[in-house]
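First subunit A sits with subunit B, and in the next complex the same chain sits with subunit C.
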Partner chain A sequence: MIAAFGIRKYFNVKQSMLSNLMLKAVDGVDLKIRKGEIFGLVGESGSGKTTLGRILVGLLEPTEGDVLFDVDEDVTSRYENALLKGDKEELEALSKKYSIFKKRGNNRKILRRKMNIVFQDPYSSLDPRMRIIDIVKEPMIATDYLKGEAAEKRVLDLLEEVGLGKSFAQRYPHELSGGQRQRVAIARALATEPEFVVLDEPTSALDVSVQAQILNLLKKLKQERELTMLLITHNIAVVSYMADRVGVMYAGKLMEVGDKIQVLKNPKHPYTVSLISAVPQPKPRSIRQRIVLKGEPPNLIFLPRGCIFHPRCPFAFEECGWSTDEIVDDLSYLISSKYYESFGESVSIRTKDENTIIIENAKAELISEIVEKEKANLKSLTAIKKITQEVNYVEIKIHDFITPELYKLDDGRKVACLLFRAEEKNA
Partner chain B sequence: MKEKEVLYEYALKAGLNGIEEQIFAIWNREDIHEAKKEKMIIDLAKDKLGLFERIGLKLARKGMLKIPLISRLARRALIKEGYRVAKELLSSLGIPQVDSVVKMYPHELSGGMRQRVVIAIALANNPDVVILDEPTSALDVTIQAQILELIRNLRKKTNAAFLFISHDLSVLAEVSDRIAIMYAGKVMEVGRVEQIFEEPLHPYTKMLLDVIPTMEKDTLKPAKGTIPDARYPPPGCPFAPRCPFAKEDCLKFDREIAVTKDHIVSCILYENKK
Partner chain C sequence: MEKRMEAKEIEGLRLSLVIFFSNKTAVVGLMIFMAYVIDALLMQFAPSMLGVNNPNALAFDYSNTIPQPPSPEHILGTTYFGVDLLQAIMQAIRIDLGYSGLIVISGALIGALFGIISAYAGGWFDEILMRITDIFFGIPYLVLALGVGFALGRTIESMIIALIIVWWPLYERYTRSLTLSIKEQTFIEAAKASGVSDLKIMIKHIFPNTLPPVLVQISLDLGVVMAIFATLTFIGFLPTGNLPELGYLTSLGLNYIQIAPWATIFPGLAITIFALAVNLMGDGLRDVIDPRRRSS
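Moving on to the complex of A and B:
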């Protein structure tokens, strides 16, 4: 079992004298993968799936947070309690014992044997100047798992097991097709008898029939060896076929985590709902409700506040994290174009501070009337709390926002959406 | 909200006559709030051509662009008109803030927007046939859904025929009327979309449908091997080496059989059933 707590990974994008912007690839993810399960991680490109996968096998070090490997329920709950209480000594002790980033020397080599990764693109993840036998042998040698003839014999066994045959051992990667290369990559990942394998888009570069061959192979391997797998993919069909549990990522955060059937058949988070409704089905002329999301995923440098999904969310309401800028954009559009006749030229609108907007030369009544009318169309207006008339300007206060956490529902899944905050309290 | 006619009158008053098409292009968009449309339509006044420019354009269209004075008159008009047509097309394809988008470089646009621009390029000259070569395979599912919706709407609005090339059968199920399945350079099966998905005939089509992963399936049944080397294609039916029903005669078979009027299959199994 592998457990990740509060993983954050920020990349520097611009370093100058004045600005140092951070790209928030993964922003606060807690994840537990049980022994022997396939955990599917879905999300759009740029949602941080691959970064998270690389952190879990220790290829990247997170900016914040920790990954504990080979821990049981007991240890994770102790760690969680310590996190809640802020017990630094306990955290240190646990992290020293289990964290994959604290292991050094021989321990690190042993850890390296236990976890491995299959990369996305089989055309660039194999060294073109190495023979297949050397490629598959490399992790065994690097981690002192096996040496010499024993290693070579194991390579041949592995190649047989992934369905390639011994004759492939002396070939070079360019002689193989995409599916064969991906089999080599899988053989390499399995070389040191790992317990945990990350599969980063294992089939997205492959044909459908080859994809099916690889998926079948992975399923077979999982059953034979009780492997724990993290399957990273953007293809919901693949996840629905392979995974036991599913996590949905959006802009570096987990939106929904739960059992595959629950999450994919009966999604709760508005993002999951729209994501799954957007997946094309191989059933022509089937009638179903499709929610086509507006816009694009957010800029990862300047994330929207509150719930990161709120600008695109069809169910957004007042506490979802609307900022004054968003409201000013919509209001100024209403004032300067739609209701131009009633306002005229002299109205000016600006933000005063984080929660206040000021409109000069306007009347409070008129504005509140318009806000009431347009609320249904422009979701940002729901965040307006109070409109008051001052001597020569109108002051608009907006609601405080709440950042959603993963709320646990009755059926065991977790959803990061404010719509389900109340349900957790009841449960 | 003003009625369409009222708005139209307003447009006439603002001197927007002559660009009704563009007004309706904006009006027909579904993705933006109605009030925003009004502003966009009113903004169109900026693009209106002056008297001399209109004359220049008219003469240029008659092929008098080689005369220096006319070319000078027409050039500005052509650029302005080009921008206008571009904006009209882009806005009808659901691109917000066209005024700034037309002046951007491709790298400033996101994947979905680029795909819309490419579709706009294809539609610019009112073609009879539009070939869409994997238009959504580089996109995310939510953006793919936007583009598929757009293509479905375009089908209703235009008279063009669309040839949609894709490796993803699920996408084809969403957009197409008829499907042809190709394998190693040959057409294996042609039929209406229901025929292909509900009563596939060719073993290759059946295999393709079998390997779509779903929650209900326990195991997928892919055919062994991979597509043949196109330099040395196998004789006869190219799928025969992988086909579970292959016979000796398959190596000589190379014909299309019309099982029903609009369902054509290229497989020896159906030779006697026509």
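Moving on to the complex of A and C:
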């Protein structure tokens, strides 16, 4: 139905004339949404969900990657094979035919009929100077879908369908409540009988009582029209109510993709596990194990190497991508505060190269002892491979790292975590 | 159903009027402004009702050219060349109001056109247009108007063109800043997602949303432009010696300012009162269109 390959979206962050940094909002996402399915995309604020949604409806052009629309399994597997082989001609040909960013003129109008989006904030997504009838009519006129009387008649039908009634047609948005406005936005998104609709947090700006109404409306519309939907939200409850499949995003990458029940009931990726553990349970006395993550989401300009989640991961181990800087930070914390007594003033610690740390005026045995003791608390220390005593200093070598990909598990889900690398090999 | 809609709209309009009329000074401003407009309209369509034969020319009385004080015969007195001041001011209001309206509205239209396009397009186009307006802002407007006016020749048309050239950058800046904030709103993105072309977004979404604040700005600027227009004619920038124009009328009485102060005061007052009135009215209008002020 709709397939995204290797989507990257980098935004320029200008600091000065010379340095030009890139904010990596979406960093290499592959996504396939099947026909008639609701795909839930969850993740915390700033994880790139909305950016990805806007790319999928063609509001933003990705820095890299392509989105193919109206394609079947056959075409996507052809595209995947071509990507693997590096077959430029095949890629070009498929992209020319199916890419949403290569459609021009009349084809673009037809594409616009087939996809639309509902935004988060119903207060700013409707033009305050237009009547409801003109707002809902706009997509039909702009894409030459319907004109004049026919379009107006369809607006009235649509308003009835979203539960507003014909009397709303002549009103202005400021006369409507938040829930009513969101219904208008939904009517507008459905005006041209689209096949694919992106719902960008459609309920997060609404009261709880209205949220359920809107979700039920969306569910009803989906069943009646066999819509394909991408539901972007940070609310796990909304996803578990609405979605068929779920993708979990963290810092611009997909962490886990799978069927709703698999992902929500039996999460595999450590991030998903902690995310699900944070969902409140409607059982007052139940004791649940919450995993509270340390630290905060990574800086999107300087992403951690290896697995982007490793600095916060409770299950991180030596290959997850620890850098010497992270280890130096933790070691110097130990040396200068907790074990200050045993080291004293004169110890100095620094990074030599990507894999080597040097500590001057210290003993190798003492350091190994401390590392062994603190490994369980400070995960970065697990990445220390070898501690050797040289003449004047102690040299520490660290492990190589592996960047995880989405590993496919037996039950069909995909997880981007090294813990599951072996499972894929077995499968 | 239709009737209920109409009732609702009337309700909205009534609310706007209530807000406007609750501001007493704005009502005074509106009344003065209306008096000027009615005078101008009468001069245009029925000058004989006001006892004027030719609204485009001053009626000189060469039998007594020395300014006379106010009397039952000449309520505001006369000025040099024996011109009846009341009649002359009433003639002049038509000219001043008409031309300042023309200047402000054309300036606003040109400014809005470029402002919306430059803010919407952005990039180098925006940059170039902004630098051009910087040039206009860098030169004192009176000097610029004089320069352009003299370059084009000493006619009313050249004066109007000169003032439009001086005035449009102001509106360019203003609509540009409005557009910059409007184009970031989600309804513009929603229109794009619905396949609306950029041109249509500018015409149907951005322009109507910039309109109310621009209209307020127009009402505030009418007084300023009238004052500038009068300044230009005061320093002698006019094609004919018998044009009824407030600045020119003021300059006629200038030589007699010590013995006949009314000859300069009354035409000058006509400009000042108008500028004050449109300012008061504009403040009231701003309250009507600004929802944040509305609630308070």
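The rule is simple: the second predicted complex is superposed on the first by the 426 of 427 C-alpha atoms of A that agree within 3 Å, B and C clash if a C-alpha of one lies under 4 Å from a C-alpha of the other, contacts with A are read in each partner's own complex, and residues count from 1 in each chain.
FYI, a contact is a pair of C-beta atoms (placed from the backbone, for glycine too) under 8 Å apart; a residue touches a chain by one contact, two chains touch by 3 or more.
Every value quoted in this text rests on a predicted model; they were computed, and no experiment measured them.
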{"item": "Fit or clash - subunit C, subunit B, common subunit A", "value": "fit"}
{"item": "Which superposed partner A:Gln170 touches (first subunit B, second subunit C, both, neither)", "value": "second"}
{"item": "First, second, both or neither for A:Ser323, with subunit B first and subunit C second", "value": "neither"}
{"item": "Partner chain(s) touched by A:Ser45 [first = subunit B, second = subunit C, both, neither]", "value": "first"}
{"item": "Superposed model, angle subtended at subunit A by subunit C and subunit B (C-alpha, nearest 10 degrees)", "value": "80"}
{"item": "Contacts of A:Ser209 with subunit B and subunit C, given as first, second, both or neither", "value": "first"}
{"item": "Which partner reaches more residues of subunit A (counting touched residues only), subunit B or subunit C", "value": "B"}
{"item": "Lowest C-alpha to C-alpha distance for subunit C against subunit B (Å)", "value": "15"}
{"item": "Contact residues common to both interfaces of subunit A (with subunit B and with subunit C)", "value": "none"}
{"item": "Partner subunit A, residues of subunit B touching it in the complex", "value": "31, 33, 35-36, 38-39, 42, 110, 112, 140-146, 148-149, 167-171, 173-174, 193-194, 197, 207-215, 217, 219-223, 226-227"}
{"item": "For the subunit C and subunit A complex, residues of the former touching the latter", "value": "1, 4-5, 8, 185-187, 189-197, 200, 204-205, 208-209"}
{"item": "Interface residues, subunit A side, partner subunit C - complex", "value": "54, 57-59, 108-109, 112-113, 115-117, 119-121, 124-130, 138-139, 142-143, 166-167, 170-171, 175, 185, 188, 191-192"}
{"item": "Interface residues, subunit A side, partner subunit B - complex", "value": "44-45, 177, 179, 207-213, 215-216, 219, 234, 236-238, 240-242, 260-261, 264-265, 274-275, 277-285, 290, 292-294, 296-297, 333-334, 337-338, 377-378"}
